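Here is the structure we will look at.
As written, the chain order gives the labels A, B and C, with residue 1 at the start of each chain.
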Amino acid sequence: MTQEPLIYARDLVKKFGDFTAVNGIDLEVAPGEAFGFLGPNGAGKSSTMRMIGCVSTPTSGELRILGMDPVRDGSRIRGRLGVCPQLDNLDPDLTVFENLTTYARYFGIPRSEGRRRAAELLEFVQLTEKADGKVEPLSGGMKRRLTIARAMVNEPDLVLLDEPTTGLDPQARHLLWERLFRLKQAGTTLVLTTHYMDEAEQLCDRLVVMDGGKIVAEGSPRHLIDTYSTKEVVELRFGSDTPASYVDKLEGIGDRLDPLPDRLLLYSADGEGAVSEVHRRGYTPSSVLVRRSTLEDVFLILTGRTLVD
Amino acid sequence: MAGTLAILERHLTIYKRNWYASVFSSFILPVLFVISIGIGVGSYVGTVDGWEYLSYIVPGVLASGAFQTAIGESTFPVLGDFKWSRAYHAMRATPLRIKDMIFGWQLYIQIRVFIASVIFLVVSAIFGAVHSPWVVVTPLICALVALATAAPVSAFSAGLENDSYFALLFRFIVIPSTLFAGVFFPVTQLPLLVRPLAYASPLWHAVELCRAAMLGTPPPWPVAVHVGYLIVLAVGGLYWADRAYSKRLKD
Amino acid sequence: MVTTYAVVRGTELSTPSRVASILNRNVSALRSGPSYWLVLFSGFFEPVLYLLSIGVGVGALIGNIEIGDKALGYAAFVAPAMLAVSAMSGALAETTFNFFFKFKYVKTYDGMLATPLKPTDIAIGELGWAMLRGSLYTGCFLIVMIAMNLTTPFWALAAFPATMLVGLAFGAVGMAISTMIRGWQDFDLVFTGQFAMFLFSGTFSPVQNYPLAVEILIGLTPLYHAVELVRGLATGVLGWGMLVNVAYLALMTVAGLMVASRRMAKMLLA
């Protein structure tokens, strides 16, 4: 078994005219990993994904996918990828089942084998009873599941998921996560982009945070939290007072203070201790919440608030 | 090649479900035209170039059927697969190449045109409009004019954002071609100034070739010139399509 | 008419959902697309092209055609028919395709009925616009006919109100049909009917040439009456039969309006 990375990038750059979407990133994704790109809209996640999917040519830098050059061997690489794009592009003129069998033919899979896999995959994404129906009446979550099934039809070495749960309701998201988790358990290499922290924490072994076309942090979700945030976060509210007016007053408590319009975040290794200190200084917040630090805190620390839309 | 056939298979799967919707335009419309103009109006016409009017227009209607089907199939369906269903984007994520997408669709159009041409030829034979064994080459001529028009029009559609340009394409190119490119009356009747427009239309070359084959007479220009012109359009159209599809799918 | 058909048949491979999304775009294109007015106006050229091709081009291969006891050049015979056809297709374009779309998808009328407007008001309003569009085409076409010496200004003025009646009649019936249409696939039937009438209603050759049974059958269809009436006036060959044509078209208008507003009321107020 080769341990060569499935994705290898050095100083990868993508420009559209004067605009630099991806500005010199380095990446390595190993077989069996679940790897995530986290970042606000416009951070360069999708552009990177499109280069990995061999549908967009890098402007400069080195990129190797499955050990091959995407410019020269694009077609061969795509034959071993499964892609779930951000916008569904299922075929509205075909049935659910035909969407899979037709797609299988694009990979040169024999008809009978394509039918076998289609039936199996519909079972996997729990759409078997919709097999003969059209795509249009399916709900957003069902369509996304079908797209994922379609991405699996060639038994890919690497599955690319561009914002797989954007726009879905909570039930649909959880069902989708559960299916993706199973793929991961079965050893499929997943690469996904997301701007949902909970999604990244649920699914990714390792992730990079992108901002402005650059990678600003890299590691496992736990590692990122330990490195960039504190163990705990205290959320303080002060009735009708502006949280920002408390920044000076609470200076020195915890590692960092972050005023939001409605509350003040206080980063500290010891949340309860920090709360006691606040009271000791004579301030009585209208509400206090001590919680564990999440990836969301890391994300906000790293990418700033103004960028998030 | 396998990729091209996989795409053809997709188009045929869809056609199998919707074929009835094209029955009128592909099969009945040309026959109605022949009856109304060929027989109805034809009864007032003496002869054209020594032939009764019905026999004169049947080869023209045959070629214009191929021409219209080819263009019809290269407009909305192509734009739709880029813009609304994004089927081409889905294909792009697979091992398929741009060439497969173009050839797959052209091959599908060829099949549609072939079926329509053969059915029309059978009807023409029943009307007694076939006068030469050269008639067997007419499906080839139809295939050529279909490619010579479908390829550039597909390229045009691939570059569009707004479908209202199609109405203009039909009104200013397709309908005038059908009406003035020698289907219903000889192009030599046109004023000298507009005649070059008819010569520029791929339909005119196909009409004259079909007419020559069905009547067993030589076409007005050397066969090589008529055929060569259509081949140039076909090759140029395919090249343009390759550029347009690549550009649309690039980023 | 052929263009409308050709444009629609371009979508024949599409599912209704795709056609709907295309139309969805058309509605926004109606406001934003720079070419919309060009598209609308270019509809006028089509009958002119038919007139030039079949009327003048094929007409050159033909001698005169007798109408009543008057011998007409072939172009003068075909021109009034194209005039009637453009009145028909202008009105039908508005009342079938566009009306159906507003009715089923944009739900324009649901909003209107929340005001004191009654279904009959809406039907009459739509019909008025359809007739205007048809009249735009026929007015231009009459000018072309005068320029080509295929009619005189006097008879053109006489024919113009007749084309308005034709627009009203087809517009009203088109609207009634639209309320009955189940989906986009039914439009294929509408266009088939429209095209068959276009080819056989005495437009390109006199119906007297057809077998008697066919002639009687054609005599029952609406475009035949429209062509007879408009041709009589445009060529100045008048006859009592034209009163039958007028009655037929008036009846179409009234019946079409009644059916349309009744069905609209039933569907919208249900």
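Here is the rule we use: contacts are C-beta pairs under 8 Å (C-beta built on N, C-alpha and C of every residue); 3 or more make two chains touch, one makes a residue touch a chain.
Source: prediction; values computed, not measured.
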Pair of chains with maximal C-beta contact number: B-C
Chain whose average C-alpha position is farthest from subunit A's own: C
Per-chain Cα centre nearest the global Cα centre, belonging to chain: B
Centroid spacing, where centroids are CA-atom means, of subunit A and subunit B in whole angstrom: 48
Averaged-CA centre spacing for the pair subunit C and subunit A, given as whole angstrom: 56
Subunit B and subunit C: spacing of chain centres that average the CA atoms, whole Å: 28
Multi-chain contact residues (two or more partners), subunit C: 13-15, 18
For subunit B, residues that touch 2 or more chains besides their own: 14, 18, 84-85
Residue numbers of subunit A (touch at least two other chains): 92-93
Touching residues (chain side subunit B, partner subunit C) in the complex: 14-15, 18, 21-22, 24-25, 28-29, 32-33, 35-37, 40-41, 43-46, 48, 53, 68, 72-73, 75-77, 80, 84-85, 162-168, 170-172, 174-176, 178-180, 184-185, 189-190
Residues of subunit A that touch subunit B when the two form their complex: 16, 50, 53, 55-57, 75-76, 78-79, 81, 83, 85, 87, 89-94, 98, 102-103, 105-108, 154
Subunit C residues touching subunit B - in the complex, by the definition given at the top: 2-3, 5-7, 9-15, 18, 21-22, 25-26, 29, 33, 35-36, 38-39, 42-43, 45-46, 49-50, 52-54, 57-58, 60-63, 65, 74, 185, 188, 191-192, 195-196, 199-200, 204-205, 209-210
Footprint of subunit A on subunit B - complex, ascending: 2-3, 6-7, 9-10, 13-14, 17-18, 84-87, 89-97, 249-251
